[in-house]
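One chain, subunit A, appears in both complexes that follow, with subunit B as partner in the first and subunit C in the second.
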Partner chain A sequence: MPDIVLYAAEVTLNGLMAGVLYALVALGFVLIFKASGIFNYAQGVLALFAALTLVGIQRGQVPFAHLINAMTGKHYTNFPWEIPALLAILLTAAVMVVLAIIIEKLVLKHLVNQAPIILFMATIGMAYFLEGFGDVMWGSDIKTLDVGLPQGLNEMIDNTTYNWFGYGFFIDNLDIVASVVAVLLVTALTLFSQFSKQGRALRAVADDHQAALSVGISLRFIWILVWSIAGFVALVAGVMWGSKSGVQFSLSLIALKALPVLMLGGFTSIPGAIVGGLIIGVGEKLFELLIGAPFLGGATENWFAYVLALVFLVFRPQGLFGEKIIERV
Partner chain B sequence: MNDMSDGYVTADGRQIGGVLMEMKNITLKFGGVTAIKDISFDVRAGEIRAIIGPNGAGKSSMLNVISGFYVPTEGEVWFKGVKRGPMRPYQVARLGIARTFQNIALFDGMSVLDNILTGRLTLMKKGLLSQAAWWWSGAAQEEYEHREKVEKIIDFLEIQNIRKTPVGRLPYGLKKRVELARALAAEPKILLLDEPMAGMNVEEKEDMSRFILDVNDEFGTTIVLIEHDMGVVMDLSDRVVVMDYGKKIGDGTPDEVRTNQDVIDAYLGVAHD
Partner chain C sequence: MFYREAGDFKTSYGEDSQTFPIKFDRLRYFAVLAIAFGVVPLFINDYWANAVAVPFLIYAIAAIGLNILVGYAGQVSLGTGGFMAVGAYAVYKLMTAFPEVSIFIHVILAGGITAAVGVLFGLPSLRIKGFYLAVATLAAQFFLVWLFNKVPWFYNYSASGQINAPDRTIFGVFVTGAQTSAMAKYLFCLVMLTLVALVARNLTRGTVGRKWMAIRDMDIAAEIIGVNPLTTKLSAFAVSSFFIGIAGALFFAVYLGAAEVGEAFGIQKSFLILFMVIIGGLGSIFGSFAGAAFLVLLPVFLKNVLVGTLGWPTDLAAHIELMIVGGLIVVFLIAEPHGLAQLWRVAKEKLRLWPFPH
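On to the complex of A and B.
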């Protein structure tokens, strides 16, 4: 088999897995947008905040240490303990629920029935507040996140492909774990939304607020629920991206990678987020390999996803799986 | 409450019970506009109670006060002999007061079946965790029971053939029927119908009238309905409240109301010229 085909196959596989990671971030956007019509600009920062909190809890960092030290003249940094990864993840999930409640009480409650653009602005404010708050709470240094996920070359795949094709595929274990987790997460979310009573209520709220109220659904409860779930999804994305590339400010920028995924897959579709993520992941890697690097001087991954999404928008503005836009005159 | 025990027998021989809900001196103002002026009336268990009046009389406002979408500026709502505090619409729904809307508020993206199932949300008791343990916790059993009840309502309203259709695709008359089904699914003590016949043709109106009578007969549901079409209302209802410009101008059986001079003036426009 010619080398380029094998190489393209490897790149495609890696692209699929990168796509899964994009999809994880996009999922958080879709959940909130479906239920409340809010484009949540803070989703990326939510992932950063979740990762920061997870690292902090795991290492037994004293929250707000800098602030406390500045006021008391002490030198606290860490509690004399470390917390096992699994427990730390559960505690972080609890923190995300508390955060959802605070967001609802302090912000969303006061913006009921406001125009979407105002809610969008509010999430921009929240994003930067949360970014600063995360720094104050856990410090602004770059941290590494290790919850014991396998990392590095998967030797089994490397050996098998070498034996078959005479060329070993480089597949990162972390990417495999991320894909499995993403599949589990999406399955769980789908089951929840289709079969549980809260899921049914959530779909109802997404469809019509007034009707939802009239069948006894509390909008505030649903919003807290939705933001909690978005918090969980952000936590999962934060764990995966954080393990891959460290926990630092740039983690919040992965949200920007979710934008073309959303444009492609549609803002209201969970399967759309997944498929969109995969297309973007594979598309940008293959484009770089086959066209970008040889003809365009490389670094096309920075912009290819957006251009692809733009082309797509022109022909199908609602995205692959988005609800069809019909305006009646 | 003072007179829960008494009741009356209708012309067609149905036994009507004591007072289920009482509106006491309800006034509703929006800024300087008074939508409802000091109106009192009661609703008895098992009866079909109509609120009628010309456009802009304040009928829908009254229904919104009952269902918690508006909070009255003055006055009290008593339900089952207890004064109701200020409540949000979802809390009123959980009390057992279901409603439909004049302009239809359904979940367009969901199927007819799913729409009607949302009507039973307040009756579903299993929490999130036991739902996750679907078979083991009995959540599956609960879901089956709810679905069975919903199927009965679907049969009752003769909408079997559109069970799986997304509501957004249905014609107007069927949407109205689905909305009624969803309200019924909650097994309400009181069913509030906001202009159930608005925008319907004669045949659809007859169907809807029949369903309303059947619901009342079969489930014993107390019904409060709003209409501005006098003819339909007079045939359907046991007692009628007539509103005009936010005030109550008549209250009684259809026959009493029909001969009331204020009502005749309001409807024929005598008072306005």
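On to the complex of A and C.
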């Protein structure tokens, strides 16, 4: 087989894995958009905040150490203990639930019935706030996140493909784990929304706010629930991205990468988020390999996803699986 | 007592359709112009010009531009940073290619080039609406920044990949380059802002502005009553990008002097200007000024308090500043979703009746 086909196959596999991670972030967007019509820009920062909190709890950092030191002149850094990864993840999940409650109480409650653009801006404001808050709470240095996930070259795939084609594929173990986790997460979410009482309420709210209210579903509870779930999804995404490239500010930028994924898939469709993520992941990697790097000077991954989504939307304005847009005067 | 139309009789069509029909408004407007042109330049020094005045003037131009697109025509755009970069690189290429032409003309031409690019990226708005469009404009942001980074022609093959503004003069006074005085910078930007604001104000009062607002309120209904969505949306994109291009050109040539595209015109800039528009008030020229002033002054103020007075480390202060800006945006949206311009309108209503409110 010619080399370029093998490269392309390897890149496609890696693109699929990257796409799964994009889809993870996009999933949080879709959940919130469906349940409350809010386009939640803060999703990426939620992932960053979750990852920061996880590292902080795991290492036993003193929260706000920087601020306390600046105000009192002392030098606190760490508590004298470390917390096992699993417990730390549970604690972080609890923090995300508390955060969801606070967001609902302080922000969303007061913005009911506002225009979507105002809500969108509010989530950008929240993103700024959380970004600053996370840094003040845990420090802004680049942290490594290690919750015991396997990392590095998967030797089995490398050996097998070497025996088959004479060229070993490089697949990161972490990407495989991430894909498995993503599949589990989506399955769990689907089961939850199809078969549990809260899940049904969630779908009812997504269908029609007023009708849901009229049959006695508490909108506020649903919002807290859905922001908690989005926080949990953000935690998972934060763990995966954090293990891969360290916990730092750029983590919050994956939210921007999730936007074209959403556009491709449609804002209201969970399968759309996943398919969109895979298309974008594979598309940008293949484009970079075949056209970007040889002809355009590289780094096309920065914009390829957006341009693809833009071109795609011109032909299908509601995305792949979005609800058909019906406009009436 | 002061602010009222009573007793202010119009005897000609010209008077009736003037920009500021109420006498108090008109006087205030001339007073502000007189102070801005006559008094401020006498006292301005380098610190005030670079930290407050020049960024305020330039951001106000950009905010007016974005406000036309988002506030008047209802097309949400997150590509402002990219369009500012077009203005900056256009003025750079023009300045280096035609050194004998006045910088003033270059800045206007840069606006024109940005308008053309804006129309190009505005074309999808005929099919894509709402948030889908907002995200689609991100394509402009990222693609343009990448383009200016990757194609050496745009930065004249300089080794650092930066663009540096050469020295240029107007009437023998330096307005770009290292020798520019604070006053020259300030006055140059002020002249541009005054022109832009006048054009914007009068465009939005007339036929064009009403078409934009009709499209904003409901584009299908507007189309049915005879507003052409193609020309209306594209003209909004063109005018808006024209102003944003001018802002980008000034931001690079007058304010920064040297720029690296990813840093100076990244996505953060798009959001910053969108914040100015939202906090100031959508669909209001005055709001653009107020929003720009607020978001330029706030960080300067916070930095002075936190670092200067309390003596905290700069990185901590930067994070707290992020928190406060983010928090304030949320508070603002909750308290007054129509922005500072709405507060101003309420104040004017009160003024009309004062001191006898019943």
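Simple rule for what comes next: the second predicted complex is superposed on the first by the 325 of 329 C-alpha atoms of A that agree within 3 Å, B and C clash if a C-alpha of one lies under 4 Å from a C-alpha of the other, contacts with A are read in each partner's own complex, and residues count from 1 in each chain.
Criterion: a residue touches a chain if its C-beta (ideal position, glycine included) is under 8 Å from a C-beta of that chain, and two chains touch if they have at least 3 such contacts.
Here the structure is a predicted model, which means the values were calculated and not measured.
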Subunit C versus subunit B on the shared subunit A, clash or fit after superposition: fit
Contacts of A:23 with subunit B and subunit C, given as first, second, both or neither: neither
Touching partner for A:208 - first (subunit B), second (subunit C), both, neither: first
Partner chain(s) touched by A:100 [first = subunit B, second = subunit C, both, neither]: neither
Which superposed partner A:273 touches (first subunit B, second subunit C, both, neither): neither
First (subunit B), second (subunit C), both or neither touched by A:114: second
Which superposed partner A:200 touches (first subunit B, second subunit C, both, neither): first
Which partner reaches more residues of subunit A (counting touched residues only), subunit B or subunit C: C
Partner chain(s) touched by A:264 [first = subunit B, second = subunit C, both, neither]: neither
Arrangement angle, subunit B at one end, subunit C at the other, subunit A at the vertex (C-alpha, nearest 10°): 90
CA minimum distance (subunit B, subunit C), superposed complexes, angstrom: 17
Touching both subunit C and subunit B, counted on subunit A across the two superposed complexes: none
List of subunit A residues in touch with subunit B within their complex: 195-198, 200-201, 203-204, 206-208, 210-219, 323
Residue ranges of subunit A in contact with subunit C within the complex: 39, 66-67, 70, 106-107, 110-111, 114-118, 120-122, 124-133, 135-136, 140, 256, 259-260, 262-263, 267, 296-300, 302-303, 306-307, 309-310, 313-314, 317, 319, 325, 327-329
Residues on subunit C engaged by subunit A in the complex (per definition of touch): 70, 76, 124, 127-132, 134-136, 138-139, 141-143, 145-146, 149-151, 218, 220-221, 224, 267, 271, 274-275, 278, 282, 310, 312-313, 315-316, 319-330, 333-334, 337
Interface residues, subunit B side, partner subunit A - complex: 67, 69, 88-91, 93-94, 98-99, 101, 105-110, 114, 117-119, 121-122, 124, 126, 128, 131-132, 134, 143, 182-183, 186
